[in-house]
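As written, the chain order gives the labels A, B and C, with residue 1 at the start of each chain.
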Amino acid sequence: MSAATVGWYAFAFLVFPGFLFSLAGGLLASWVDRKVSARVQWRVGPPLGQPLFDVVKLLGKETIVPEGANRLVFLVAPLVGLAAATVVSTILWMANLFAVSFVGDLIVVVYLFILPPVSVMIGGFASGNPLAATGASREMKLILAYELPFLICLAVAIIRSDLSIHLVDIAARPVAGSVSGLLAFLVSLLCVQAKLGFTPFDVAEAETEIMGGVYIEYSGAPLAVFKLTQAMLLIALPVFMATVFLGGMHFSGWGILWAILKYLLVVVLVILIKNTNPRVRIDQAVGFFWKYMTPVGVLAAALALAGRAFGIPWL
Amino acid sequence: MADVLAGLRESLGGRILATESRSPRQTYVSVSCSDIPDAARCLFERLGGRLATVTGLDERDGIELLYHFCFDAERIVLTVKTKVAKPDPRISSITPFLPGAEWIEREIHDLLGVRFDGHPRPERLILADDWPEGVYPLRKDGRP
Amino acid sequence: MSWKMWALKKSPWVFHVNTGACNNCDIEVLELLTPRFDVERFGIRLVGTPRHADALVVTGGVTRQAAPRLKEVYRQTPKPCVVFAIGACACSMGIFKEGYHMAGPVDKVIREEDPNAIIMYIPGCPPKPEAMILGVVKALSLL
């Protein structure tokens, strides 16, 4: 492998469209989230640079590791989440911008998306604090709950794209333009809400109940890394939804406008659901995903299979 | 008011030392400190009164305790008062048959130093954990 | 002024501590954090744990029982941090000056823990939310 290739890979992962680009986009997206939430509540909201100021301030504070905590895991867990978010963001943007894709990259993306919530959970368990353990156990149950319908909906997208697990192939067709695809889009939207840790599914970081939950003992730079991971997920997950369900983001000519609109559609839906709902209990959340979302997902998968078997394109 | 007083007189008889009516709805009855449990039992169990609170104050020759009983149906307050002699003021607790008095007796013990014999949990209630023993803030000479 | 202080002024996250207040100041602080007064414009956010906090909003004169606990919360807050003493009781013990149960005003107790602490005073009984916003903004501009 030549030095130029290594250099190109490093550039892709670290600057564009990797770490720095996703970071900038993620901070902008989280500003959009806070501003829209503020407007919904009839107030002004923070200035444009606020998420960046938050991160810079956190980097300037001292890092306190509690006595009863597992020092290594406590400090490394945020970095695992950040690394996973960086890689998945790079893969998604490469698939959308440069049509760089490999067989099975959909599976890789799904696995990588599980890592940030798991890193949050591990960090919570390593904190040595009973409230953090409560938050972490809730996060664990939430992961078990929403991964099932999420994967079923991805199966719907795979079926509708002629059984291809290539991101580029799936991105070529608007899966949500069919009945089963629309159902799958709506179900996975709610799963994404839980994955992002937004109300109504933010039981793991319930400020008023368990004083910050999983993040209770984090301060300074590790907390900044967690915030960065959240910001990067806020740009990676809607892009993933747009790629898989809304027909991909093609950045050529008028396609740029369409691409941004698709991304904004998903983000605004997520924000509106966040602002209009109260937080649910963990047993209500698990029940919601297993008793209601999973059957709808299975129905969507059945409709997709039926459409494929009987040649009905809109099913 | 009259029938409550009559009921009390029936129980205590001559042990009532004095009666004073401040207003149509409020009467103060003085007894000696050993008769407090009987008076409280009569007012609470027989006549159906409700213990509102117990107040206390340090009058240099003793600590005066006032037990305020409310009769909500007749809309009157009957107060039974007694004076406990210093030093080492002690009185029988009414908590065994009137559980609502548990905390107020602990508070009076903390602030005025009155010992309530027979109290099920005579522990510190409202003073700080590191407050010195034997210093009772609401006594006239009790500032640390 | 160091970049840490600059960033702290741009995004002060607050944690609320009640060290024996009558709750009047607490009600006003909670009103301050509602959407009506919108302190998120200044980057102020209420956090649930002192470990995330930059500013401790302390109400109430410090009682003898609460003094070691206030010091513990101050220790748990990562430095650099600022302490806001809200209300007459926090600034100077107020009407409880002669009380037998008081350990001192907030600055005396915090200075026992850290003589170099940055403490800002917002008097009032209770201070109106507008007065608190004015006080916080003025105080942060002095840093």
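Basically, a contact is a pair of C-beta atoms (placed from the backbone, for glycine too) under 8 Å apart; a residue touches a chain by one contact, two chains touch by 3 or more.
Just so it is clear, the model here is predicted, and its values are computed rather than measured.
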Item to complete: Using the touch rule from the top, work out which pair, A-C or B-C, shares more C-beta pairs.
Response: A-C
Response to the item:
Most central chain, judged by mean Cα position vs. mean of all protein Cα atoms, is C
Worksheet item: Between subunit A and subunit B, what's the gap in Å when you average each chain's C-alpha atoms?
Response: 65
Worksheet entry | Inter-centroid spacing, subunit C versus subunit A (mean Cα positions, whole Å) | 36
Worksheet item: What whole-Å value do you get for the distance between subunit B and subunit C if each is reduced to the mean of its CA atoms?
Response: 42
Discussion item. If we count contacts the way the header does, which residues on subunit B are in touch with subunit C in the complex?
Written reply: 127-131, 137, 143-144
Discussion item. For a test of understanding, state which residues of subunit A touch subunit C in their complex under the given definition.
Written reply: 34, 38, 41-47, 49-50, 53-54, 56-57, 59-64, 207-208, 210-212, 215-220, 223
Worksheet item: Can you list the residues on subunit C that touch subunit B in the complex?
Response: 63-65, 100-101
Worksheet item: Given the complex with subunit A, which residues does subunit C contribute to the contact?
Response: 3-4, 7-8, 10-11, 35-36, 38, 40-41, 43, 46-49, 51-52, 54, 76, 78-80
